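Below, chain A partners chain B and then partners chain C, in two separate complexes.
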Partner chain A sequence: MDLVLEYVVRGAHGVFFSAAGDFIWLPIAMVFIGVLLGIVIGAVPGLNGPFAMALSLPILISTFGVSNAALLPILGFLIGVMKGATVGGAVPAILFNTPGTPDAYLTTLDGYPMAKNGQAMKALKIAHFSSAAGDTFSDIVLFLTAPVLAVFIERILDLPEKSALIILSLSFMAAVSGSSAIKGLIVGVLGMLLALMGSTLSGNGPRMTFGIIALGNGLPVTSAVLGVLVISEVFMGIEQSARDRLSRVAALENPLSGDNSFGLKDIRAIMPRVCTSAVIGTIVGALPGIGTTLAATLGYESARRLSKHPQKFGTGVPEGVAATEAANSAVSGANLIPVLSLGIPGNFAAVFLILAVESVGDFTLGPSLFRFTEIKNVEGYGMIINKDLVTCFSIFTLMVLGNVFNWTIGSWFLRSLGVLARIPKSVMLPVVLLITFTAVYAQDGGFVAIWIVLVFGTVGYVLRKLNVSILPFVIGFILSPKLEELVRGAYSASGGDSFFMLKSPLALAFLMIAVAIMVLAGRRKPHRVP
Partner chain B sequence: MKILVSILMLLGLVVSPAQADWQPKGPIKLWIGFGAGGGTDTQARALAEELEARRGWRIIPENKAGGGGTVMAAALKEAPADGQTIGFAINTTFDFATLKSSNLSLDDFTYITTTAGSQMAVLARADSGWKTLDDMVAAAKGGTKIVWADWGAQVEAAAEIVAKHFGIKVNHLRAKGGKGSLNALVARDANVGWGGGVQRGLVAAGELVILASAEDKPLVQAPKTKTLRDYGIDYSFGFQFMLAGPKGMSTEARDTIAKAIAEVVLDPTSKTHKFVVKQYPPGPVVVAGDALAAQLAATLKANRRLLEAVSK
Partner chain C sequence: MTSSTDHRRWTPNPWDIGFGVVTLAASLVALFFWFPHDIKGGFVEINLAGRLEPGDAFFPVLLTTTMVILSVVQLLSVALTRTQQEPDTTIGKLTPANLRFLLLFYSVVLAGLAVMYWLGPLTTALLRGLGIIDQSYRELLDTAPYKYLGYVGGGFVMTAGLITWAEGKVRPRAILTVVIVLFLSLLIFGILLKNIQLPPNADF
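And then the complex of A and B:
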């Protein structure tokens, strides 16, 4: 236990002090700025947390470099944005009936009626409290379960089982994240195929590069992901604004005429809903691919069912706002559980944290992460310590800091943001486009990156138009090299046994569950993504 | 910032008037053949920083990982041979990977200098109970399935040579770089693994044990452990970290860069030197220019022999 404590203390120490022992403000400041930016981004309709993380990552890397010292400031910023955005999404939902982020749609159901009743401030305070509470709960679950789960997984799973588990996660994501399971599967496989370009572990030179040397190490990940995620959104935005010109809707102004106080009595009233929703959000977040929208839906529904006056939901009840915001915010900590224990990202925010970790410093997500190596000093050699574990606890500390900022300044900042929801798209889209191009040009080396970002932007646009979720595409693209490495390894380690994956009962079980999920999801009636 | 750079440039010129015969006309691109965070990357970035400080050259390091350095090499081959694009990789990128490549050959490059040598070890987890290669061989003959983690075709061939020598069967596991190979070992995906130097911390912590040295000499961390040659295996599999440029670089450019690098690497106060001494003991290995080219040509021959021995 002392050893665990020592690692925790060293991790926390690493955030506030440099290796030489001087106080450093940079990681703290980065979390602070990240949270503020995240709240702003969340409050602008059409922008969301992962979007901002995507754009900031290349800029952060070119600012701070890729040394070990750069890792905490960069991750601090990204974590801040991730946390801030979950809080910010409620602002336009409550004030203008426009969800800032997709998961805030359910916040409009009771938040906007509250605003119309003259209780906009109260609704915002409730949203903030519930959001911050849900997020904090989720983080605590992450801190407690990720280390245990990671150690357990390394003990139990061998190469074939790990391969099968990735296949299972991808199938699950394909099945649940979009309008139809089969479409999800098709785009997931498409993403995986595109990631096969470049050189392989075989040592036989690059494949599928059409002789283009710049593609020797595969399609640059940042350009590809930014294309699908950001550029396609810009294309959609251009199309949308062209349409909007035909039908312009004016926002309503609602005077603060009602009861806008928020005290202990209110907290006591909403607390049961916040707790249920935080648990729901955390469970949903720990499963890959489901995301915040479903968490919000489940949170809202459960609150309505558990309520003594379910018929009042939708007319401006505080519990409705609280349940939604607690649930969608509770996703953000728990989604790091599969990241830290398996290296599998469950949503876009996790994708960018993984990309940051892979591009910066020598911190590795993997089997050695949660090894509590005895800390000792060897004469003439230096300190023996698991540096990755210390870094991991530093990252946890950054998350705690993010929560502290969210709790303290978040509420005040949130209430002053109403104006942002009115930034016209004609200003925002060109700015986003310019930042994206600059970012990928700097990060992925020149004009090849610009072409790739445009091609992938078109792919993302087409997928969105076809109402297909782009999440399986991106996760397939990210996980494909890892899966190939595992499958290749499992095959050669088995001595060239073609049935290596079917001979392990656990791997076989994973594969059968994957098939079962696809079959069950295939039977479900298609629905539109909200 | 610009003022600072020009001051540094001035200082560089003043401090080393002897090398004034070749100066880069702009920034030097330093392409790193492996990913961020590995031994090559750490060395290359420390070196770049110190060359900038000492010479006033502007150096831009960039990772071009993949294919054991060959992705970088393929790009380097096409770069202008003006000394302003150079690559950092290991010797097997040039003297082994080229044997299997259709578009790369040993003659495509100008060889600048080596910086450090590996501490090539056969490793196992401490909880395996094995202390030497003999213990591992005995276990294999007793029915334990051996999965040997490596990071490339050359080291996989090396594992095969060891297996053939002892008449045992091993299965291979390809990982990404030396660190990936260690991870596979720690994660129990493999029970034997190669380590080129990154194993240092885990060996010192008592998590891993060195079963044998694959260098010509015993390893610094295990001075009493035998080498493969002691076991009668007529090979050593150590590698060197090295820099190269495209074919046709001028001798002045090559030698000026090599000399500048040697100054940094051999200076006991430099960060690069300290890293090399710590990670790749006993210390820097500097073989430059024509001597390096001759050495690579010789290892290329040895590697051809290795491939033949494996396929027999």
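And then the complex of A and C:
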């Protein structure tokens, strides 16, 4: 226990003090700015946390570099954005009945009627409290379960099992996140294949480049991911705006005429729903690929069923706002459980945290992260310590800081952002396009990055139009190098056995579950991808 | 009033078939034509110790073979499962309207990028021709206002063009927003963040 505590203290110390013992403000300031920016971004219809994380990452890398010292400020900012955005999404939903994201639609069901009844401020306060509570609960679960899960995985999984686990995760994501599991898996494999362009592991020179010299170093990951995620969304949004000529949303006449107080009595009333939704959101968040929409739906539905007056839901019930916001915010912390324990991103926000970790410093995610190596000084060698574990506890500290900022300034800041929620998508999305171009150009240093963003944006647009989820594509793209390394290692270790993946009972079980998931998902009726 | 259910029919979705055919064909082309010409290492190789180890083609071939299998499954599942489909739905397919949108979108964006790339060099060439300056654009890359010309001009054309198209009218407030965003971008990327090069300057 002392050893665990020592790692925790060293991790926290790393956020506030430099190696020389001087106080450093940068990581704290970056979390603070990140939270504020996240709330702002969340409050603008059509934008969300992963958008801001995607745009910030290249700029942060260009500004801070890729040394170990840059890792905590960059991660601090991204974590702050992730946390702030979960809170900010409620603003347009409550004030203007404009859900910026699919899960925020459920906030509009009771939030907007509350605003129409003159209780806009109360609805925002409830949304903030529930969102911050759900997020904090989810973080605590992350802190407690990720190390245990990682240690467990590290003990029982070898190369074939880890490979099979990634295949299982991708199959699960394909099954739950799109209209068709098979199509989802096909684009997941396609993403993996594209990620191999320009790479080599045998020293024979870059592969799959079509002879294009610019691809010799591989496709720039950030540009490719930004293209599929952000630019395809810009395509969709501008197309919709051009079609619908959506420009303005109607403002409420007097949103503050009713009872806008929020005290202990209100907290006691909503707390049972917040707790139930926080648990639901955390469970959903721990499973890769499901996302906030299902969490919000389940949270809202459970609150309605458990309520003594379910018929009032949809007419401006505080519990409705609380349940939705607690559930969708509880997803964000739990989503990092598979990231930290397996190195597998479960949603788009996690993708950008992984990209940051892979681009900056020598920190490595995955089961080996939580190896509690005994800390000792060896003469002539130096200190023996698991530096990655210390960094991991620094990341946990940054998350706690993010929660503190969210609880303290979040509510006040949130309530002052009503004006942002009136910025139309038709103005915001072209601006996002310009900032994306600027960001990737700054990171990759040339127009090639802009062409790659546009090509991948078109791929993302076509997939969305074909009702195929882009999540497996992005996750496949990110995980491909890791899976290749594991599969090659497993094959080599088996001595060239063609059935190397099927010899381990556990790996076989994972693969069979993956097949079963695909078969079961194949029987499901197709639905529209949100 | 007729309900939409009356128009539904049980037919395979041609876009689902097309998806399977395209991915199957692309996978086969990759396996038999692309990889043999574009991957120098083999599927497996024998290393110096005489042990069998995976070559550079190992993982791409595994992935592409998986894609072949999945594409066949996709085609079989479409053939065996009759999908209830509304004939007039736009979900799950690309329509001519989508292609027209892409064409227009790319026209505006490429026009903006062309202005971004050429405005600086053309302006300096013109000023040089008139004898107002002596240096080329390359020599003025670090000098204001030349280093901002392309970014501001191209950024304005692109964002104002897209907003005007999306809204169907020119709104002074939207144009003002573009100007403010460009000003803030210059402030952040061009002045506060010293080690960032704005487009198109890294290409010269």
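The definition used in the following text is that the second predicted complex is superposed on the first by the 506 of 530 C-alpha atoms of A that agree within 3 Å, B and C clash if a C-alpha of one lies under 4 Å from a C-alpha of the other, contacts with A are read in each partner's own complex, and residues count from 1 in each chain.
Here, a contact is a pair of C-beta atoms (placed from the backbone, for glycine too) under 8 Å apart; a residue touches a chain by one contact, two chains touch by 3 or more.
Owing to the predicted nature of the structure, the values given are computational and were not obtained by experimental measurement.
In the superposed model, A:201 makes contact with both chain B and chain C. By the touch criterion defined above, A:179 reaches chain C but does not reach chain B.
By the touch criterion stated above, A:488 is placed in contact with chain B and with chain C alike.
Applying the stated contact rule after C-alpha superposition, one finds that A:145 touches neither chain B nor chain C. More residues of chain A are in touch with C than with the other of chain B and chain C. Contacts of A:235 after superposition: chain C is touched, whereas chain B is not reached. In the superposition on chain A, contact of A:434 is made with chain C only, not with chain B. Shared interface residues of chain A, touching chain B in one complex and chain C in the other, are 200-202, 204-205, 445, 488, 492, 495-496.
Chain A contributes residues 66-67, 154, 158-159, 198-206, 213-214, 216-218, 358-364, 366-368, 371, 373-374, 378, 381-382, 384, 445, 485, 488-489, 492-496 to its touches with chain B in the complex. For chain B in complex with chain A, the touching residues are 36-38, 42, 45, 62-68, 70-71, 74-75, 78, 97, 100-103, 145, 147, 152-153, 169, 171-176, 179, 182-184, 186-190, 201, 204-205, 207, 278. Residues 15-16, 19, 23, 30, 34-35, 38-41, 44-45, 51-60, 62-64, 66-67, 70-71, 73-74, 77, 83, 91-94, 98, 101-102, 105-106, 109, 113, 117, 151, 155, 158-160, 162-163, 165-168, 171, 174, 177-178, 181, 185, 189, 193, 195-200, 202-203 of chain C are the ones that touch chain A when the two sit in their complex. Chain A makes touch with chain C in their complex at residues 59, 62-63, 179-180, 182-183, 185-186, 189-190, 192-193, 196, 200-202, 204-205, 207-211, 235, 238-239, 241-242, 245, 247, 423-424, 426-427, 429-431, 433-435, 437-438, 441-442, 445-447, 450, 454, 458, 461-462, 465-468, 483-484, 487-488, 491-492, 495-496, 522, 526, 528.
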